[in-house]
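Note that the chains are named A, B, C and D in the order they appear, and that numbering of residues resets to 1 at the start of each chain.
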(Lines give C-alpha, C1' and ligand atoms only; values in the text may rest on other atoms or scores of the structure.)
Protein backbone atom coordinates (compact mmCIF):
# COMPACT_ATOMS: atom_id res chain seq x y z
CA UNK A 1 0.00 0.00 0.00
CA UNK A 2 2.79 2.39 0.92
CA UNK A 3 4.39 1.45 -2.40
CA UNK A 4 1.22 2.47 -4.18
CA UNK A 5 1.30 5.75 -2.30
CA UNK A 6 4.91 6.29 -3.35
CA UNK A 7 3.95 5.67 -6.99
CA UNK A 8 0.98 8.01 -6.78
CA UNK A 9 3.04 10.64 -5.04
CA UNK A 10 5.86 10.33 -7.53
CA UNK A 11 3.34 10.83 -10.33
CA UNK A 12 2.23 14.10 -8.72
CA UNK A 13 5.86 15.13 -8.34
CA UNK A 14 6.48 14.28 -12.01
CA UNK A 15 3.60 16.57 -12.96
CA UNK A 16 5.41 19.54 -11.34
CA UNK A 17 7.83 20.90 -13.95
CA UNK A 18 9.91 22.59 -11.24
CA UNK A 19 10.31 19.33 -9.34
CA UNK A 20 11.38 17.66 -12.59
CA UNK A 21 13.91 20.47 -13.18
CA UNK A 22 15.33 19.80 -9.72
CA UNK A 23 15.19 16.03 -10.15
CA UNK A 24 13.20 15.42 -6.96
CA UNK A 25 12.11 11.88 -6.14
CA UNK A 26 9.70 10.54 -3.51
CA UNK A 27 11.45 7.76 -1.60
CA UNK A 28 8.82 7.14 1.07
CA UNK A 29 5.19 8.15 1.42
CA UNK A 30 2.68 7.02 4.01
CA UNK A 31 -0.29 8.75 5.64
CA UNK A 32 1.15 11.79 7.35
CA UNK A 33 4.76 11.11 6.40
CA UNK A 34 6.97 11.64 3.41
CA UNK A 35 10.61 11.49 2.35
CA UNK A 36 11.69 13.49 -0.67
CA UNK A 37 15.18 13.28 -2.16
CA UNK A 38 16.95 15.79 -4.39
CA UNK A 39 20.13 14.40 -5.98
CA UNK A 40 22.73 17.15 -5.79
CA UNK A 41 24.47 18.49 -8.87
CA UNK A 42 26.49 21.61 -9.65
CA UNK A 43 23.45 23.54 -10.87
CA UNK A 44 21.87 23.45 -7.41
CA UNK A 45 24.71 25.19 -5.58
CA UNK A 46 25.50 28.76 -4.55
CA UNK A 47 28.76 30.64 -4.93
CA UNK A 48 30.56 28.94 -2.02
CA UNK A 49 29.96 25.42 -3.30
CA UNK A 50 27.14 24.63 -0.88
CA UNK A 51 23.55 23.80 -1.81
CA UNK A 52 21.61 27.01 -2.47
CA UNK A 53 19.14 27.90 0.29
CA UNK A 54 16.44 28.02 -2.37
CA UNK A 55 16.89 24.29 -2.99
CA UNK A 56 16.57 23.54 0.72
CA UNK A 57 13.47 25.70 0.96
CA UNK A 58 12.02 24.01 -2.15
CA UNK A 59 12.61 20.59 -0.57
CA UNK A 60 11.07 21.65 2.75
CA UNK A 61 8.09 23.31 1.06
CA UNK A 62 7.31 20.33 -1.12
CA UNK A 63 7.81 17.72 1.61
CA UNK A 64 5.54 19.69 3.95
CA UNK A 65 2.90 19.84 1.22
CA UNK A 66 3.03 16.11 0.49
CA UNK A 67 2.90 15.22 4.20
CA UNK A 68 -0.11 17.46 4.74
CA UNK A 69 -1.80 16.35 1.53
CA UNK A 70 -1.51 12.70 2.47
CA UNK A 71 -3.76 13.29 5.46
CA UNK A 72 -6.20 15.80 4.06
CA UNK A 73 -6.74 13.57 1.04
CA UNK A 74 -7.62 16.42 -1.28
CA UNK A 75 -5.70 18.90 -3.40
CA UNK A 76 -3.74 21.09 -1.00
CA UNK A 77 -1.55 24.15 -1.00
CA UNK A 78 1.11 25.29 1.41
CA UNK A 79 -0.19 28.35 3.25
CA UNK A 80 3.25 29.19 4.56
CA UNK A 81 6.26 27.88 6.37
CA UNK A 82 9.29 28.83 8.42
CA UNK A 83 12.74 27.46 7.75
CA UNK A 84 15.91 27.74 9.83
CA UNK A 85 19.18 26.90 8.12
CA UNK A 86 21.48 25.04 10.50
CA UNK A 87 24.59 24.08 8.56
CA UNK A 88 25.90 24.53 5.02
CA UNK A 89 24.61 21.62 2.94
CA UNK A 90 26.84 19.53 0.71
CA UNK A 91 26.97 15.93 -0.38
CA UNK A 92 25.35 13.61 -2.89
CA UNK A 93 21.73 14.34 -2.10
CA UNK A 94 19.29 16.29 0.04
CA UNK A 95 16.72 14.33 2.03
CA UNK A 96 13.63 16.14 3.29
CA UNK A 97 11.57 14.20 5.82
CA UNK A 98 8.24 15.73 6.77
CA UNK A 99 5.49 14.56 9.10
CA UNK A 100 2.16 15.89 10.24
CA UNK A 101 1.98 17.29 13.76
CA UNK A 102 -1.79 17.77 13.80
CA UNK A 103 -4.28 17.45 10.97
CA UNK A 104 -7.79 18.85 11.00
CA UNK A 105 -10.51 18.82 8.41
CA UNK A 106 -9.11 21.54 6.24
CA UNK A 107 -5.63 22.21 7.53
CA UNK A 108 -2.56 20.37 8.75
CA UNK A 109 0.48 21.65 10.60
CA UNK A 110 3.64 19.77 9.66
CA UNK A 111 7.33 19.74 10.50
CA UNK A 112 10.22 18.89 8.21
CA UNK A 113 13.88 18.03 8.72
CA UNK A 114 16.25 18.48 5.79
CA UNK A 115 19.43 16.42 5.69
CA UNK A 116 22.47 16.46 3.42
CA UNK A 117 23.72 12.95 2.68
CA UNK A 118 26.72 11.23 1.15
CA UNK A 119 26.47 7.47 0.92
CA UNK A 120 25.07 6.23 4.24
CA UNK A 121 26.09 9.39 6.13
CA UNK A 122 23.70 12.25 6.64
CA UNK A 123 23.49 15.36 8.79
CA UNK A 124 20.70 17.79 9.58
CA UNK A 125 21.06 21.07 7.73
CA UNK A 126 17.66 22.76 8.06
CA UNK A 127 14.40 22.49 10.01
CA UNK A 128 11.02 23.79 8.92
CA UNK A 129 7.47 24.08 10.18
CA UNK A 130 4.48 24.91 8.02
CA UNK A 131 0.76 24.93 7.41
CA UNK A 132 -0.95 23.01 4.60
CA UNK A 133 -4.52 23.78 3.56
CA UNK A 134 -7.09 22.19 1.32
CA UNK A 135 -7.38 24.22 -1.87
CA UNK A 136 -10.13 26.78 -1.46
CA UNK A 137 -10.27 26.37 2.32
CA UNK A 138 -9.31 29.51 4.10
CA UNK A 139 -7.60 30.85 1.02
CA UNK A 140 -6.44 34.42 1.10
CA UNK A 141 -7.86 35.24 -2.35
CA UNK A 142 -10.17 38.23 -2.43
CA UNK B 1 26.62 54.35 -7.58
CA UNK B 2 23.44 52.34 -7.40
CA UNK B 3 24.23 51.11 -10.90
CA UNK B 4 27.60 49.91 -9.68
CA UNK B 5 25.84 48.11 -6.85
CA UNK B 6 23.50 46.45 -9.34
CA UNK B 7 26.48 45.29 -11.41
CA UNK B 8 28.29 43.98 -8.36
CA UNK B 9 25.15 42.28 -7.08
CA UNK B 10 24.43 40.76 -10.48
CA UNK B 11 27.98 39.36 -10.53
CA UNK B 12 27.33 37.65 -7.20
CA UNK B 13 24.03 36.32 -8.53
CA UNK B 14 25.81 35.03 -11.66
CA UNK B 15 28.23 33.15 -9.42
CA UNK B 16 25.34 31.16 -7.93
CA UNK B 17 24.67 28.24 -10.29
CA UNK B 18 21.13 27.82 -8.92
CA UNK B 19 20.31 31.47 -9.60
CA UNK B 20 21.63 31.02 -13.15
CA UNK B 21 19.46 27.90 -13.54
CA UNK B 22 16.44 29.96 -12.50
CA UNK B 23 17.49 32.94 -14.62
CA UNK B 24 17.32 35.45 -11.77
CA UNK B 25 18.37 39.04 -12.40
CA UNK B 26 19.00 41.94 -10.04
CA UNK B 27 17.02 44.94 -11.26
CA UNK B 28 17.67 47.30 -8.36
CA UNK B 29 20.16 47.28 -5.52
CA UNK B 30 20.87 50.02 -3.01
CA UNK B 31 21.98 49.94 0.64
CA UNK B 32 19.29 47.98 2.44
CA UNK B 33 17.10 47.43 -0.60
CA UNK B 34 16.98 45.05 -3.51
CA UNK B 35 14.72 43.99 -6.37
CA UNK B 36 15.26 40.57 -7.89
CA UNK B 37 13.37 39.33 -10.96
CA UNK B 38 12.80 35.77 -12.11
CA UNK B 39 11.45 35.55 -15.68
CA UNK B 40 8.76 32.86 -15.65
CA UNK B 41 8.90 29.85 -17.94
CA UNK B 42 7.19 26.46 -18.00
CA UNK B 43 9.97 24.75 -16.02
CA UNK B 44 9.25 26.90 -12.96
CA UNK B 45 5.61 25.85 -12.55
CA UNK B 46 3.77 23.25 -10.52
CA UNK B 47 1.04 20.89 -11.69
CA UNK B 48 -1.78 23.47 -11.76
CA UNK B 49 0.09 25.88 -14.01
CA UNK B 50 1.07 28.29 -11.26
CA UNK B 51 4.61 29.16 -10.20
CA UNK B 52 5.95 26.49 -7.85
CA UNK B 53 6.16 27.59 -4.22
CA UNK B 54 9.81 26.63 -4.27
CA UNK B 55 10.48 29.36 -6.84
CA UNK B 56 8.75 31.94 -4.68
CA UNK B 57 10.67 30.81 -1.62
CA UNK B 58 13.93 30.91 -3.63
CA UNK B 59 13.17 34.49 -4.72
CA UNK B 60 12.28 35.57 -1.18
CA UNK B 61 15.33 33.84 0.33
CA UNK B 62 17.74 35.39 -2.13
CA UNK B 63 16.23 38.87 -2.03
CA UNK B 64 16.34 38.82 1.77
CA UNK B 65 20.00 37.79 1.66
CA UNK B 66 20.98 40.52 -0.79
CA UNK B 67 19.09 43.18 1.18
CA UNK B 68 20.77 42.11 4.41
CA UNK B 69 24.17 41.71 2.80
CA UNK B 70 24.06 45.21 1.34
CA UNK B 71 24.01 46.66 4.85
CA UNK B 72 26.31 44.27 6.65
CA UNK B 73 28.90 44.72 3.92
CA UNK B 74 30.41 41.29 4.40
CA UNK B 75 29.67 37.77 3.21
CA UNK B 76 26.34 36.81 4.72
CA UNK B 77 24.03 33.84 5.03
CA UNK B 78 20.31 33.63 5.59
CA UNK B 79 19.73 32.23 9.07
CA UNK B 80 16.09 31.57 8.35
CA UNK B 81 12.87 33.06 7.09
CA UNK B 82 9.11 32.75 7.13
CA UNK B 83 7.00 32.95 4.00
CA UNK B 84 3.23 33.20 3.62
CA UNK B 85 1.76 32.44 0.22
CA UNK B 86 -1.11 34.80 -0.54
CA UNK B 87 -2.28 34.04 -4.08
CA UNK B 88 -1.35 31.63 -6.84
CA UNK B 89 1.41 33.25 -8.91
CA UNK B 90 1.30 33.44 -12.68
CA UNK B 91 2.48 35.89 -15.29
CA UNK B 92 5.64 36.85 -17.13
CA UNK B 93 7.92 37.30 -14.16
CA UNK B 94 8.29 37.20 -10.39
CA UNK B 95 9.54 40.32 -8.65
CA UNK B 96 10.93 40.01 -5.13
CA UNK B 97 11.47 43.30 -3.32
CA UNK B 98 13.26 43.10 0.01
CA UNK B 99 14.33 45.76 2.46
CA UNK B 100 16.08 45.84 5.79
CA UNK B 101 13.92 46.51 8.84
CA UNK B 102 16.80 46.81 11.29
CA UNK B 103 20.49 46.08 10.78
CA UNK B 104 23.01 45.54 13.54
CA UNK B 105 26.68 44.76 13.43
CA UNK B 106 26.34 41.11 12.64
CA UNK B 107 22.70 40.55 11.80
CA UNK B 108 19.87 42.17 9.87
CA UNK B 109 16.15 41.50 9.94
CA UNK B 110 14.53 42.03 6.54
CA UNK B 111 11.12 41.83 4.92
CA UNK B 112 10.29 40.83 1.37
CA UNK B 113 7.24 41.15 -0.87
CA UNK B 114 6.97 38.84 -3.87
CA UNK B 115 4.86 39.95 -6.83
CA UNK B 116 3.77 38.21 -10.01
CA UNK B 117 3.83 40.54 -12.99
CA UNK B 118 2.65 40.66 -16.57
CA UNK B 119 3.66 43.76 -18.50
CA UNK B 120 3.08 46.74 -16.22
CA UNK B 121 0.60 44.88 -13.99
CA UNK B 122 1.68 43.16 -10.82
CA UNK B 123 0.04 41.69 -7.75
CA UNK B 124 1.37 40.57 -4.38
CA UNK B 125 1.55 36.79 -4.09
CA UNK B 126 3.76 36.16 -1.05
CA UNK B 127 5.27 37.97 1.93
CA UNK B 128 8.36 36.94 3.86
CA UNK B 129 10.41 37.98 6.87
CA UNK B 130 13.89 36.71 7.65
CA UNK B 131 17.18 37.07 9.43
CA UNK B 132 20.51 37.54 7.65
CA UNK B 133 23.81 37.01 9.44
CA UNK B 134 27.45 37.66 8.70
CA UNK B 135 29.15 34.38 7.88
CA UNK B 136 30.63 32.93 11.05
CA UNK B 137 28.65 35.25 13.31
CA UNK B 138 26.25 33.37 15.51
CA UNK B 139 26.46 30.36 13.27
CA UNK B 140 24.83 27.17 14.44
CA UNK B 141 27.78 24.97 13.52
CA UNK B 142 29.02 22.75 16.30
CA UNK C 1 -17.21 55.38 12.75
CA UNK C 2 -13.61 54.58 13.60
CA UNK C 3 -14.40 55.71 17.15
CA UNK C 4 -17.24 53.21 17.27
CA UNK C 5 -14.84 50.55 16.07
CA UNK C 6 -12.38 51.50 18.81
CA UNK C 7 -15.14 51.20 21.42
CA UNK C 8 -16.28 47.85 20.06
CA UNK C 9 -12.72 46.60 19.88
CA UNK C 10 -11.94 47.81 23.37
CA UNK C 11 -15.00 45.92 24.63
CA UNK C 12 -13.64 42.74 23.08
CA UNK C 13 -10.25 43.42 24.64
CA UNK C 14 -11.92 44.01 28.01
CA UNK C 15 -13.59 40.60 27.71
CA UNK C 16 -10.16 38.93 27.56
CA UNK C 17 -8.99 38.46 31.14
CA UNK C 18 -5.36 38.16 30.03
CA UNK C 19 -5.55 41.49 28.17
CA UNK C 20 -7.04 43.05 31.31
CA UNK C 21 -4.18 41.56 33.38
CA UNK C 22 -1.70 43.18 31.00
CA UNK C 23 -3.66 46.44 30.86
CA UNK C 24 -3.88 46.52 27.06
CA UNK C 25 -5.85 49.29 25.38
CA UNK C 26 -6.97 49.77 21.78
CA UNK C 27 -5.92 53.23 20.65
CA UNK C 28 -6.89 52.97 16.98
CA UNK C 29 -9.02 50.54 15.03
CA UNK C 30 -10.16 50.78 11.44
CA UNK C 31 -10.87 48.14 8.78
CA UNK C 32 -7.63 46.26 8.38
CA UNK C 33 -5.66 48.32 10.88
CA UNK C 34 -5.19 48.43 14.60
CA UNK C 35 -3.02 50.04 17.27
CA UNK C 36 -2.80 48.35 20.65
CA UNK C 37 -0.97 49.86 23.62
CA UNK C 38 0.38 48.12 26.71
CA UNK C 39 1.41 50.54 29.47
CA UNK C 40 4.69 49.25 30.90
CA UNK C 41 5.09 48.45 34.57
CA UNK C 42 7.58 46.42 36.60
CA UNK C 43 5.51 43.23 36.40
CA UNK C 44 5.97 43.05 32.62
CA UNK C 45 9.76 42.95 32.63
CA UNK C 46 12.41 40.22 32.55
CA UNK C 47 15.50 39.91 34.70
CA UNK C 48 17.55 42.55 32.86
CA UNK C 49 14.94 45.27 33.25
CA UNK C 50 13.64 45.05 29.68
CA UNK C 51 10.11 44.13 28.65
CA UNK C 52 9.70 40.36 28.65
CA UNK C 53 9.56 38.81 25.18
CA UNK C 54 6.26 37.22 26.18
CA UNK C 55 4.70 40.67 26.48
CA UNK C 56 5.93 41.64 23.03
CA UNK C 57 4.62 38.39 21.58
CA UNK C 58 1.28 38.91 23.36
CA UNK C 59 1.02 42.41 21.87
CA UNK C 60 1.92 41.19 18.39
CA UNK C 61 -0.44 38.21 18.59
CA UNK C 62 -3.38 40.29 19.73
CA UNK C 63 -2.80 43.15 17.31
CA UNK C 64 -2.54 40.69 14.42
CA UNK C 65 -5.80 39.08 15.50
CA UNK C 66 -7.67 42.38 15.74
CA UNK C 67 -6.35 43.57 12.37
CA UNK C 68 -7.40 40.33 10.70
CA UNK C 69 -10.73 40.20 12.52
CA UNK C 70 -11.64 43.70 11.41
CA UNK C 71 -11.62 42.57 7.81
CA UNK C 72 -13.08 39.10 8.12
CA UNK C 73 -15.92 40.49 10.21
CA UNK C 74 -16.47 37.29 12.13
CA UNK C 75 -14.98 35.64 15.19
CA UNK C 76 -11.39 34.82 14.34
CA UNK C 77 -8.39 33.04 15.76
CA UNK C 78 -4.71 33.46 15.12
CA UNK C 79 -3.47 30.39 13.27
CA UNK C 80 0.12 31.28 13.92
CA UNK C 81 2.74 33.98 13.65
CA UNK C 82 6.45 34.68 13.48
CA UNK C 83 8.14 37.33 15.56
CA UNK C 84 11.69 38.70 15.35
CA UNK C 85 12.98 40.67 18.31
CA UNK C 86 15.07 43.60 17.14
CA UNK C 87 16.06 45.58 20.22
CA UNK C 88 15.53 45.32 23.97
CA UNK C 89 12.27 47.11 24.78
CA UNK C 90 11.99 49.67 27.55
CA UNK C 91 9.99 52.81 28.13
CA UNK C 92 6.54 53.90 29.23
CA UNK C 93 4.50 51.77 26.88
CA UNK C 94 4.52 49.22 24.07
CA UNK C 95 2.69 50.09 20.87
CA UNK C 96 1.74 47.28 18.49
CA UNK C 97 0.57 48.42 15.06
CA UNK C 98 -0.82 45.72 12.81
CA UNK C 99 -2.28 45.86 9.32
CA UNK C 100 -3.68 43.37 6.86
CA UNK C 101 -1.49 42.47 3.90
CA UNK C 102 -4.13 40.41 2.09
CA UNK C 103 -7.54 39.27 3.28
CA UNK C 104 -9.57 36.50 1.72
CA UNK C 105 -12.92 35.05 2.63
CA UNK C 106 -11.74 32.98 5.52
CA UNK C 107 -8.18 34.03 6.18
CA UNK C 108 -6.04 37.14 6.39
CA UNK C 109 -2.28 37.54 6.43
CA UNK C 110 -1.16 40.49 8.56
CA UNK C 111 2.03 42.22 9.61
CA UNK C 112 2.75 43.94 12.90
CA UNK C 113 5.41 46.36 14.14
CA UNK C 114 5.97 46.63 17.89
CA UNK C 115 7.45 49.85 19.27
CA UNK C 116 8.65 50.85 22.73
CA UNK C 117 7.73 54.44 23.55
CA UNK C 118 8.50 57.10 26.11
CA UNK C 119 6.57 60.32 25.74
CA UNK C 120 6.60 61.20 22.04
CA UNK C 121 9.66 59.07 21.28
CA UNK C 122 9.34 55.53 20.03
CA UNK C 123 11.57 52.91 18.43
CA UNK C 124 10.89 49.63 16.68
CA UNK C 125 11.68 46.63 18.86
CA UNK C 126 9.99 43.69 17.13
CA UNK C 127 8.35 42.75 13.82
CA UNK C 128 5.82 40.00 13.29
CA UNK C 129 3.86 38.34 10.49
CA UNK C 130 0.89 36.05 11.02
CA UNK C 131 -2.20 34.35 9.71
CA UNK C 132 -5.69 34.98 11.09
CA UNK C 133 -8.58 32.63 10.35
CA UNK C 134 -12.31 32.65 10.83
CA UNK C 135 -13.19 30.34 13.68
CA UNK C 136 -13.97 26.92 12.31
CA UNK C 137 -12.43 27.67 8.91
CA UNK C 138 -9.45 25.48 8.22
CA UNK C 139 -9.11 24.66 11.87
CA UNK C 140 -6.63 21.99 12.83
CA UNK C 141 -9.01 20.22 15.22
CA UNK C 142 -9.46 16.53 14.55
CA UNK D 1 22.82 17.45 38.83
CA UNK D 2 19.66 17.93 36.86
CA UNK D 3 18.01 18.93 40.15
CA UNK D 4 20.65 21.61 40.58
CA UNK D 5 19.92 22.79 37.06
CA UNK D 6 16.20 22.98 37.86
CA UNK D 7 16.96 25.06 40.96
CA UNK D 8 19.25 27.37 39.05
CA UNK D 9 16.76 27.69 36.21
CA UNK D 10 13.89 28.34 38.62
CA UNK D 11 15.96 31.11 40.21
CA UNK D 12 16.34 32.75 36.80
CA UNK D 13 12.61 32.36 36.19
CA UNK D 14 11.89 33.90 39.60
CA UNK D 15 14.00 36.91 38.62
CA UNK D 16 11.67 37.60 35.68
CA UNK D 17 8.75 39.64 37.06
CA UNK D 18 6.56 38.65 34.10
CA UNK D 19 7.17 34.95 34.73
CA UNK D 20 6.26 35.51 38.38
CA UNK D 21 3.07 37.30 37.30
CA UNK D 22 2.18 34.27 35.17
CA UNK D 23 3.23 31.80 37.90
CA UNK D 24 5.58 29.84 35.64
CA UNK D 25 7.61 27.00 37.12
CA UNK D 26 10.51 24.98 35.74
CA UNK D 27 9.70 21.28 36.18
CA UNK D 28 12.63 19.81 34.27
CA UNK D 29 15.90 21.24 33.03
CA UNK D 30 18.85 19.40 31.53
CA UNK D 31 21.42 20.38 28.92
CA UNK D 32 19.42 21.18 25.80
CA UNK D 33 16.04 20.37 27.30
CA UNK D 34 13.49 22.10 29.47
CA UNK D 35 9.93 21.72 30.72
CA UNK D 36 8.11 24.83 31.87
CA UNK D 37 4.67 24.74 33.48
CA UNK D 38 2.12 27.54 33.77
CA UNK D 39 -0.75 26.74 36.16
CA UNK D 40 -3.93 27.96 34.50
CA UNK D 41 -6.24 30.46 36.19
CA UNK D 42 -9.03 32.74 35.01
CA UNK D 43 -6.70 35.69 34.43
CA UNK D 44 -4.84 33.83 31.70
CA UNK D 45 -7.84 33.23 29.45
CA UNK D 46 -9.39 35.00 26.47
CA UNK D 47 -13.06 35.79 25.89
CA UNK D 48 -14.10 32.26 24.89
CA UNK D 49 -12.73 30.63 28.04
CA UNK D 50 -9.60 29.24 26.42
CA UNK D 51 -6.04 30.13 27.33
CA UNK D 52 -5.02 33.37 25.64
CA UNK D 53 -2.64 32.92 22.72
CA UNK D 54 -0.30 35.35 24.43
CA UNK D 55 0.15 32.90 27.30
CA UNK D 56 1.00 30.10 24.90
CA UNK D 57 3.46 32.31 23.06
CA UNK D 58 4.99 33.39 26.39
CA UNK D 59 5.44 29.74 27.39
CA UNK D 60 6.96 28.81 24.04
CA UNK D 61 9.25 31.86 24.00
CA UNK D 62 10.55 31.22 27.50
CA UNK D 63 10.98 27.47 27.09
CA UNK D 64 12.88 28.02 23.84
CA UNK D 65 15.14 30.52 25.59
CA UNK D 66 15.90 28.20 28.52
CA UNK D 67 16.57 25.24 26.22
CA UNK D 68 18.96 27.30 24.12
CA UNK D 69 20.58 28.93 27.12
CA UNK D 70 21.31 25.59 28.74
CA UNK D 71 23.59 24.70 25.86
CA UNK D 72 25.19 28.04 25.12
CA UNK D 73 26.03 28.43 28.80
CA UNK D 74 25.93 32.22 28.70
CA UNK D 75 23.25 34.90 28.95
CA UNK D 76 21.04 34.50 25.90
CA UNK D 77 18.15 36.19 24.17
CA UNK D 78 15.51 34.83 21.84
CA UNK D 79 16.17 36.25 18.39
CA UNK D 80 12.77 35.18 17.16
CA UNK D 81 10.35 32.30 16.86
CA UNK D 82 7.38 30.94 14.97
CA UNK D 83 4.34 29.48 16.67
CA UNK D 84 1.40 27.58 15.19
CA UNK D 85 -1.70 27.21 17.33
CA UNK D 86 -3.22 23.77 16.87
CA UNK D 87 -6.16 23.50 19.28
CA UNK D 88 -7.86 25.74 21.83
CA UNK D 89 -6.06 25.25 25.14
CA UNK D 90 -7.89 24.58 28.38
CA UNK D 91 -7.20 22.59 31.52
CA UNK D 92 -5.29 22.88 34.76
CA UNK D 93 -1.91 23.84 33.34
CA UNK D 94 0.15 24.52 30.26
CA UNK D 95 3.30 22.48 29.73
CA UNK D 96 5.93 23.79 27.34
CA UNK D 97 8.64 21.30 26.42
CA UNK D 98 11.54 22.65 24.41
CA UNK D 99 14.71 21.02 23.11
CA UNK D 100 17.68 22.11 21.07
CA UNK D 101 17.82 20.95 17.48
CA UNK D 102 21.32 22.22 16.79
CA UNK D 103 23.56 24.40 18.94
CA UNK D 104 26.58 26.30 17.69
CA UNK D 105 28.99 28.57 19.46
CA UNK D 106 26.76 31.60 19.56
CA UNK D 107 23.34 30.42 18.46
CA UNK D 108 20.95 27.51 18.96
CA UNK D 109 17.87 26.51 17.00
CA UNK D 110 15.22 24.94 19.23
CA UNK D 111 11.76 23.45 18.93
CA UNK D 112 8.97 23.55 21.49
CA UNK D 113 5.70 21.67 21.98
CA UNK D 114 3.04 23.26 24.17
CA UNK D 115 0.48 21.00 25.84
CA UNK D 116 -2.66 21.71 27.85
CA UNK D 117 -3.05 19.28 30.73
CA UNK D 118 -5.63 18.23 33.29
CA UNK D 119 -4.45 15.67 35.82
CA UNK D 120 -2.49 13.04 33.90
CA UNK D 121 -4.11 13.90 30.55
CA UNK D 122 -2.49 16.28 28.12
CA UNK D 123 -2.86 17.26 24.48
CA UNK D 124 -0.71 19.22 22.09
CA UNK D 125 -2.06 22.71 21.47
CA UNK D 126 0.81 24.60 19.85
CA UNK D 127 4.20 24.00 18.22
CA UNK D 128 7.03 26.49 17.93
CA UNK D 129 10.50 26.81 16.45
CA UNK D 130 12.97 29.54 17.32
CA UNK D 131 16.49 30.86 17.42
CA UNK D 132 18.36 31.67 20.63
CA UNK D 133 21.50 33.79 20.62
CA UNK D 134 24.19 34.69 23.10
CA UNK D 135 23.66 38.25 24.24
CA UNK D 136 25.71 40.56 22.07
CA UNK D 137 26.30 37.91 19.42
CA UNK D 138 24.74 38.84 16.13
CA UNK D 139 22.49 41.36 17.83
CA UNK D 140 20.45 43.64 15.64
CA UNK D 141 21.31 46.79 17.61
CA UNK D 142 22.78 49.56 15.55
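To be clear about the criterion, contacts are C-beta pairs under 8 Å (C-beta built on N, C-alpha and C of every residue); 3 or more make two chains touch, one makes a residue touch a chain.
Predicted model, so just to flag it, every value in this text is computed and none were measured.
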Average the CA atoms of each chain to get its centre, and name the chain whose centre is farthest from that of subunit C. A
The larger set of C-beta contacts, choosing between C-D and B-C, lies at C-D
At what distance in angstrom does the C-alpha mean of subunit C lie from that of subunit B? 28
Rounded to a whole Å, what is the gap between the Cα centroids of subunit A and subunit C? 32
Calculate how many whole Å lie between the centre of subunit C and the centre of subunit D, each centre taken as the average of the chain's C-alpha atoms. 20
Can you tell me which residues of subunit D touch two or more of the remaining chains? 79-80, 82, 84, 86-87, 102, 109, 131, 140-141
Considering only the defined contacts, which subunit B positions touch subunit A in the complex? 12, 15-22, 42-47, 52-55, 57-59, 61-62, 65, 77-88, 140-141
Report the residues of subunit D in contact with subunit A in the complex, numbered from low to high. 82, 84, 86-87, 101-102, 109, 111, 124, 127-129, 131
With touch defined as at the start, can you tell me which subunit C residues reach subunit A in the complex? 79-80, 82, 102-109, 131, 133-134, 137-142
